[in-house]
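These are the structures, in structure tokens.
In what follows, chain A forms one complex with chain B and a second complex with chain C.
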Partner chain A sequence: MTLLSPAQADEGPRNPLLGLAAQALRHPSVLIGGFIVAAIVIMAAAAPWLGTVDPVRINPAMRLKPPSDPFWFGTDLFGRDIYSRVVYGARSSLMVGVSVAACAIVFGVAIGLVTGYFRGLDVVVMRVMDGLMAIPTFLLAIALVSLTRASVGTVVVALTIPEIPRVVRLVRSVVLTVREESYVEAAISVGTPTPLILLRHILPSTIAPLLVLGTYVCAQAILVEAALSFLGTGLPPEISSWGNMISEGRTFFQVMPRLVFLPSLFLALTVLGINLLGDGLRDTLDPRIAKRM
Partner chain B sequence: MLAFLAKRMLAVIPVMAIVAIVVFLLLRLSPGDPALVIAGDNADAEAVQRIRVALGLDQPLVTQFWVWLRNMLSGDLGASIFSKLPVTDLILQRAEPTLSLALATMVFAISVAIPLGTIAGATAGSWLDRSLMAVSVVGFSLPAFVLGYCMIYVFALQLGWAPVQGFTSISKGFLPFLHSIALPALTLGLAYMVLIARITRASVLEMMGEDFIRTARAKGVVERLVVTHHALRNAAIPILTIIGIGVALLISGVVVIETVFNIPGIGRLVVDAILKRDYPVIQGVILLFSAVYVLINLAIDVGYALLDPRVRY
Partner chain C sequence: MTAAPLANPPIVEIRDLAVPLPDGGDRHNAVDGVSFSVAEGEIVCVVGESGSGKSITAQAIMGLLPKIFAKPKGAILFEGEDLLKATPARMRSLRGSGIGMIFQEPMTALNPVHTVGAQIDEVLRSHLSLPAQERFSRVVKAMEEVGLPDPERMYYSFPHQLSGGQRQRVLIAAALILQPQLLIADEPTTALDVTTQKQILQQIRDLQRSRGMGVLFITHDIGVVAEIADRVVVMKSGKMVETGSVERILTAPEAEYTRMLIAAVPTLEAARPAEPVHGPLALSVKDIAKTYTIRSAFGGTREIAALKPTSLTLHRGETIGVIGESGSGKSTLARCITKLIEPSSGEATLTGDGGQKPFRRRMQIVFQDPYRSLNPRRTVGQSIIEGPMNFGTAKADAWEKARELMALVGLDPAALNRYPHQFSGGQRQRISIARALAMEPEILVADEAVSALDVSVQAQVLKLIDDVQKRFNLAILFITHDLRVAAQICDRLLVMHRGELVEQGSVRAVFSAPSHDYTRRLLDSIPGRRAAA
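On to the complex of A and B.
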């Protein structure tokens, strides 16, 4: 029930959540995207049982080997098994993507709810958000990462900060519409405390659009993490991530394009899957969402 | 009208002020001490202190900010910690490749996207429309550097149509210049093109349902002119807006693409600066790129207020 805005909840007599889920699953984008995402998630979760070896074990005797029986995708310039590194790389990408989406939504919702509801704060906070959005996302992220030593934590923080203004704007636009609805006015008139109004009457309307925006933020974060690692300013080199693999492989690109193309293929497929899922959810959950993004 | 223009231009000031504060704080609050970096590992405490005073790092943060802001506004972006050269000189030296790449990309993306998006919008549901939408999802999902390597592999390594990497200055002739810029511009342009094409399609499609389109058809206007003169013209505002917003995509892309194609531009400058923690260079480039982004969007807003009689605030 929590998934629905009150307006939608009034429409169907049957359980509307089930109806909506069934409708979403009939959408080809949701089906294809969901299938790709599910496959990548299972691959990441089951990495140790998928015929992998230790993805960071260095074996100088087996450098740059072509694909063969023990090394399905061949080995890299340190003799590490590329197949294992690609499979474990899914863990890094998904972890970064999901953490960034979750953090950006938590902070964005908190700021957006409060600023949308209190007009005085609105002007100041939105100017700060405009300023943050004027700095190209990618530059802000690399500048933030360069401040400290590379670690998963700093990368997540650096990718989250540029995404927060987008969430704030979306939440604020929902709050501005919903606060004029009669059920919110009714709640105010019977003396409901403001925090309760925000959480119980306004927050539910933001869930559907946030679900869609969350998929886009997740996809964007995976792309930016890979680009940062590619430039050498992302995740520490000892972590198996697709961006790190492409970065290390690029010196040997002309002789062994495989070193770049294999991790690239999985990276592009993952992002494609998440984007398809997001497009499909946007179309089925609420057609009005598109106008707000 | 004048009131709108003045208001729109004044709105740039708080935005740029926030950008300046963020950029200043970002690098000043970093844990690394620039004075220690410059002095090197063997310097004694006294030498470090001398450098700190010379850079003004011993002053309170607010004082540092005002000094820094005054310098920025007078066009002095400071000097690189490593090469000691003024940041403005470093940026100017690297401006040609970046500017050429950005312009070539924009020309390519806009000239392909608008016709494509218009046709797709006017023939919604056709095979062209469907394939454009399919390509656009892929275009958004493919990281620029991955696409770059695919381009290099196919067009440079396999077919030999373009140089693998590097940049040829326009002073060495227009054709060699175009030859060196073509692959990077195509790579950088795909996501931008797809973005503009999608918005063009959506806004033309929306216009096609309007009453004035039916009127135009009823009075016997040829379908091609209905689309270009009636639908596309009225769909111009969202298209121009996305061209401006998409510049952010270009700026981010330039940084990565210059590394992929080994182009000695501003993007490469900032990546090298970040790897070496050369803070004045990082600050200068972020400020410059943000200012360019804000000013392009201001120009577009002002532009359509001047050109479109319906925009009145």
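On to the complex of A and C.
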């Protein structure tokens, strides 16, 4: 008997996910968004070597100075270097955004996989999720800050809790579709234990939509963190954050617009970059995701 | 090729049609140099396997080619007018009034949020300006003509309230309400049950005769061709293989491919002897049943018996065919027996000698859809070794076993590290069989395992199942809706209807002397039966 080779023999073994990744890298939104995000990340990581000075050092003698040699963008109300504060501010924003996205995804995936697969749990857990979704981010943050004190951890917790249900819903909807696939039934019929079925056969299908949702959660978290800091319930004032800078600069907005303008510019650029990246990923990885969210 | 002289002038004449494929396809043209015509009052069947370009040809006539295709070359003359040169506005007015079209999937071709009457009415509204009262009466008349019961009430029904056959009738009514000269039917009965298919084919035949229109009928099923065609065009890989009258094509095909296509259609002759198989008892199913309870929001409950109590026994070396139409409970039976769903009552007992082995090692299942039964993100090797490794086989041993099994099912063992999308449908089904065999089961359940395959591939996979049965002395429960396939491979048949086992016996006995009324109807509906007999 002659043995048959695969119908498409010439391309060699190739994981379908890798093919999608290659396709995504050719999308203009992914390229532009990815470039902006990469630039901001490099700026945040290399902050000490970018000609910055200590962003929190107060120098009352140098208050509200125009741009000059050591202070490229001038100084603020307390004589701190605006340029250094903007560069270091990227660190806080990215840290909050990435932490919120990561925490929301870790908890959301765990809850979503289990509720989607076990029907009995579904009714109860999804009602709890509906409840969480109804908590306004700002009220929760204000409550947490007044109970404990302003810190990065408080902000991350306050932003993560309302995001978890969105991840749970997305993961659950993927699980509900994939669990009906014949290959999952096939895995059951060859005796694969349930946890392995969830990890091996169902989890990989959630990766593409989660990447996309992750970018939105991250961008949203950065914006909300800035808003919270602006209201004084976000990061403590001694941390350089774009929200804090905008908040402190608003009193002098008319005389020194750059106090507000520069951090706002970087904030907008970062969120734009992340959103572009997310849109491009959505277009290439999962055209149907819009229906799921 | 001898084209019979046409009695009537052609309605549509296709000359040297070529539809280029985008770069990177398996060939340059999806359709390549196809020429044929459809005359008034005749049904021309375009027959071919998947990928033959038959649907693309139909879409080119309608001017509905997907955007990835470049502009077709050649000419499509509709009553002397070249459709390839027609403006989009002209094509819009022709669709419906000059050419009607019906599709394979009647559920997706209808809009779920509009009543069926409004959807038929839409054809009238977009082509003519008539008062509402007159449109209503014309729609009702059209629905009457296609045999829909109580059309005035059904006008206000939504698609989900209708059966598959009724939906297809609605589509036919919409396609024909403006009395087009040509009807294009793209596999209109493929998604329907065989008894419904028979009625729809009869309906199309009757309407075509009474109106004298031309019909271009696209199908993969030689049986349907025998049932309905006047002339036949055989296509393969975008090229026309042969054309001629239906009698000549079916009785004296010239092309090798046509002969293969006809020979691959299983006959209704029972392939196995009628004597019972005397292997050791492998499976005994006693009064297994499945009932679904639906709770309404107001606390009321409704019970739906998907499977009424059913008993059967299966011996080593024996194949039992479970036949029935959609909703007959045959897949529920397979899933209850394989413990993929929990039966409401009754039980399936494995009675073979492998008493120490766990259940999942003793019974395996092969699924219908080869495109969904393998995880697209795992190599076929990973899929095959998953089962044995679950039960403690070392990876190296499982891999070695997988190599043997790949060769056994006729695939190159070097392809184990490929992903499923690199294989054809038939090859994937071979892989699914290898995955099942890797568990060294005593019983194999095949749930419509060859239904999604082209006939030529179907014949090969059936032979493979037959071979592995002999080699491993397997007991096989073969679920199918296709009586021809069942005749090829089964020793005994169980006929299911609405969740109930209505008849059982040897293939010969059931086919020659069906005792239940439903079995008779089922046998009578097999397309092309008269031509084959």
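Quick note on the criterion: the second predicted complex is superposed on the first by the 262 of 293 C-alpha atoms of A that agree within 3 Å, B and C clash if a C-alpha of one lies under 4 Å from a C-alpha of the other, contacts with A are read in each partner's own complex, and residues count from 1 in each chain.
One rule holds for everything that comes next: a contact is a pair of C-beta atoms (placed from the backbone, for glycine too) under 8 Å apart; a residue touches a chain by one contact, two chains touch by 3 or more.
Just so you know, these numbers come straight off a predicted model, no measurement behind them.
Visitor: Look at A:127 in the shared chain and tell me whether it touches chain B only, chain C only, both, or neither; answer first, second, both or neither.
Guide: Touch partner of A:127: chain B, not chain C.
Visitor: Tell me the contact category for A:257 with respect to chain B and chain C: first, second, both or neither.
Guide: The answer is first: A:257 touches chain B but not chain C.
Visitor: Which chain, chain B or chain C, is in touch with more residues of chain A?
Guide: Here the partner covering more residues of chain A is B.
Visitor: Per the contact definition in the header, classify A:94: touching chain B only (first), chain C only (second), both, or neither.
Guide: Touch status of A:94: no partner.
Visitor: Which partner does A:167 reach: the first (chain B), the second (chain C), both, or neither?
Guide: It touches nothing on chain B or chain C.
Visitor: Thinking of the overlay built on chain A, is A:219 touched by chain B (first), by chain C (second), by both, or by neither?
Guide: Only chain B; A:219 stays clear of chain C.
Visitor: After the superposition on A, what does A:193 contact: first (chain B), second (chain C), both or neither?
Guide: Second partner only, chain C.
Visitor: State whether A:201 touches chain B only (first), chain C only (second), both chains, or neither.
Guide: second
Visitor: Considering only the defined contacts, which chain B positions touch chain A in the complex?
Guide: Interface residues on the chain B side: 14-19, 21-23, 26-27, 29-32, 137-138, 140-146, 149-150, 152-153, 157, 164, 248, 251-252, 255-256, 259-260, 270-271, 274-275, 277, 282, 285-286, 289-290, 293-294.
Visitor: For chain A, which residues count as touching chain C in their complex?
Guide: 1-9, 11, 13-17, 181-183, 185-193, 196, 200-201, 204-205
Visitor: Which residues of chain C touch chain A in the complex?
Guide: 338, 340, 358, 360-361, 363-365, 367-369, 372-379, 383, 386-387, 390-391, 406-407, 410-415, 417-419, 421-424, 427, 430, 432, 435, 438-439
Visitor: Under the definition above, what is the set of chain A residues touching chain B in their complex?
Guide: Residues of chain A touching chain B: 127-128, 130-132, 134-140, 142-148, 219, 223, 226-227, 230-233, 246, 250, 253-254, 257, 260-261, 264, 267-268, 271-272, 275-276, 279.
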